[in-house]
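Just below sit the structures, each encoded as structure tokens.
Each of the next two complexes has chain A plus one other chain: chain B in the first, chain C in the second.
After this line comes the complex of A and B, so read on.
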């Protein structure tokens, strides 16, 4: 068989990738610098990046994403460490993975809905706090940033946990034993050995959670009830209700560029500072 | 000692945090009250019966299921040979493809939804159609198939395929009778993953949904935005049961731990 024919099965994939992924994204870019008459303008970008209303939404979106990322890292690390280093029984590990992974298989709608039931004024948490007398009237947990943050941490935690477990389980446990032989306490051996070796997992988890929360739509829309706006909600509004596709396109493109930058920073850090599996 | 108890407690709380929302939804779907209550009041199947009587939900279930199945099937047909080539050969542009595969999870889905809507509205009057939706879902699911199969192809090596060819089987025969059986578990696991990705998608689907044919998560999204009641909790619970079934099947074919490492 001639050598070139080997690549024949790649064609359908390349057609799908170029026609239905690359071209559509280029369309968005193209529309974003056109005005209604179809001539070149940067007015959409200028409006988006100077108008205080839009800047505030951008600020809120970044703020929420940063808080979500930091908390998810702390909580995800604890869970990932427990599952890979503390849990010994095979069955327990399996159950832990089912609990971690099963939310990924249900839609963000269902998962956010779960939090609406828990956080609402008549919800589980408020009822419990009222019953034990910690509060006299329900505290507002929905329709605000706190609610969005709680929801997003829950939605994105599995991604953080999985990128940490994949690195943590590849760290040789004999390294910990060696550290113990050298008289390191468990805590010191964690700081000196495990933590530095898990940096690649931390990086990829952080980048993933940060960019997914920047672009999240369903959870903020449901939990905020529209009272707080994040970037994705603005884009949806422009595209479907206000029908300003050029402006919506400009905002979409900014969002895309931000995630590409995050991606490149991630690749750069992983390649230059940390080679595969450890510090070079 | 106290430290140990405290850290156990923290871990327990963290796992509770992960499990609670789904548990709460399942529990409230059995409540007898007409509003959402947790812990549920009494026990009844009446909300499930109500869902079954409302044909619009059954239609959405069927629509989403069919969409996910079709997108996954096409992705498998396109993706498995692609994975094999990526695993076995070096060629110009391979780095770019790998970059797409590794970054697809991070790229904002809502932007991709916007992009498909804008792109297809150049060609068709109404981009909110089943086939545009299917194309979008193929792009969403392909990376999952390719990535799981790629790992399996690399792990497999090519000695068995070469042995087949030495014994006189041609390329297609080798693929069907040797390669495919060997990577079957990964195809199934990747396929189930891909199915789930399509089945739960809102961000892309919402831009391409026609009002008479609504995918289940989009229909639920539109409902929950304005209304929460035990009936929609029952719909949610049904999707949670399906998720558990998918996970158990995946765990049977490839251990979840391996998926986690991927």
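After this line comes the complex of A and C, so read on.
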């Protein structure tokens, strides 16, 4: 069979991809540099990147995404480490994986509403804290950045945990023994051996969580009740409510570029630093 | 007071759940000796090694390392280093950094580390691989890196967990000699775990034969080979014909037509003789000699290069005889009756 024929079965998928993904994307991109009359202009980009209101939304979106990514990484690493390295019984591991993955099977809308119930002034957390006497009046957890951050961490944590567990699992436990043998305590061995070897998992987890929170819409929209605007909400507003396809397209494209840059940095880091060492 | 022992294990057990992996063993290991722990998989040899390294804490008994009680000292504080079965080299570090890893922990100056590691790389013939990563090296080279990484810390004891098992035969033989040379050169105690009896015989000053978590026999290669205490040891070290015996009422057991005194006992005894200790005579006649002899029927002759292996039948027992390749067996036929003879010091009656 000629080698070229191998690509034949790919054609249907390529057609679908071009028709339903590349084509709409190009339409959006095409709109972004046209004015209402249809001639070339960069005014939308300039407006987005200079107007203090939009810059602030961009700043808030990045801030939320960075905080969410950092906390998810720390939390996710602890959980992934516990599941792969500390839990010994196969059954316990399996249960842990089910618990970690199960939130993904529920719709983000449902989960976000769940958080509204938990975070509200009469919600579970505030009621508990009031009962214990830690606070005198309910703290504001809903309709602000804190709420969005909590909601996003919950929704995105499984992605981080899964990408970390897959890497941690592949690290030979004898490497820890070898480090102990050479004089390294458990903590020092973690810093020198386990942590550097898990960098590929950290990178892919961070990349996924960061780009997903950057583009998240449902959770911020529901939990903030529209009081805090993030980029995706802004785009939605421009496109569907104000029918400003041109400006919405420009914002979409900026967001896409940011995601692609993150992806490329990630790939570059993985290739240069982590490919030659390889894993056994 | 300087003890001749670097390691003293007293009544040491390791129990997983209900099952003892190592059952009440006592073992003293001399300064500077090459000791092999030999046994089939699951006999507790690796567990014993891991208890010395500190990866497993002992369940019962005491273990002294270099004169100090060490039963619950964590591995990173023990004066021992390990060469792991699959080397366990750090995949994210260069060969240089792998070898320097232990020295860095000790807080040595960079320049000193560099000098020592470079010297070690030279001793091991690894200079050209200094800046490569472990996956870029062959099995034998990785093996040498693992040895270098352990030895550079100047441990009092080097533990080797079946380090040659993953190498092919030729390389294994070469590494055996290298290990022996290295042992002479550094002069520290080597404890070598293996399931390969030949490897143990070639390398060791003393061999510990283990079986089902217990020590069956401790001795030099020669003692263990010539003077096995049990039929298990005889069978495990070298080749041996192990034949059942028949108990008689007068405190003897009989095998191959002879009676051997063992005293009154309930236990089963085996008649043991090594194939190279049997002479094959193609004539059927009894010889005038003080050697033991028994009539046999030849069932198979195999030429194996350095020896000829003859399978014979004697009183319904299958026995193997090793003849030198020079002995002319060409006129021997399958099914031919012949005689086998052996000196009385060569057979053993063992439990």
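Quick note on the criterion: the second predicted complex is superposed on the first by the 268 of 280 C-alpha atoms of A that agree within 3 Å, B and C clash if a C-alpha of one lies under 4 Å from a C-alpha of the other, contacts with A are read in each partner's own complex, and residues count from 1 in each chain.
The criterion applied here is as follows: a contact is a pair of C-beta atoms (placed from the backbone, for glycine too) under 8 Å apart; a residue touches a chain by one contact, two chains touch by 3 or more.
All of these numbers come straight from a predicted model, not from anything done at the bench.
Of the two partner chains, chain B is the only one that A:96 touches; chain C does not reach it.
By the touch criterion stated above, A:25 is placed in contact with chain B alone, chain C being left untouched. Counting residues of chain A touched by each partner, chain B versus chain C, the larger count belongs to B.
Applying the stated contact rule after C-alpha superposition, one finds that A:270 touches neither chain B nor chain C.
Contact with chain B, but none with chain C, is seen for A:110 once the two complexes are overlaid on the shared chain. In the superposition on chain A, contact of A:184 is made with chain C only, not with chain B.
In the superposed model, A:196 makes contact with chain C only, not with chain B. Put simply, chain A uses no single residue to touch chain B in one complex and chain C in the other. Residues of chain B touching chain A in their complex: 10-11, 14-15, 17-22, 24-25, 28, 35-38, 77-79, 81-82, 84-85, 89, 91, 97, 100, 103, 105-112, 114-120, 122, 135-136, 138-139, 142, 146, 171, 196, 199-203, 206-207, 217, 220-221, 224-225, 228, 232-233, 236, 239-240, 242-244, 246-247, 251, 255-257, 259-262. The part of chain A that touches chain B in the complex is made up of residues 1, 6-7, 9-10, 12-13, 16-17, 20-21, 23-25, 27-28, 31, 75, 78-79, 82, 93-94, 96-118, 120, 122-124, 154, 157-158, 162, 165-166, 169-170, 207-208, 211-212, 214-215, 217-218, 221-222, 225-226, 232, 235-236, 239-240, 245, 248-249, 252-253, 255-256, 259-260, 262-263. By the touch rule above, chain C contacts chain A in their complex via residues 53-55, 74-77, 80-82, 84, 86, 88-93, 101-102, 105-106, 133-135, 149-150, 153. Considering their complex, residues 172, 174-175, 177-185, 188, 192-193, 196-197, 274, 276-280 of chain A touch chain C.
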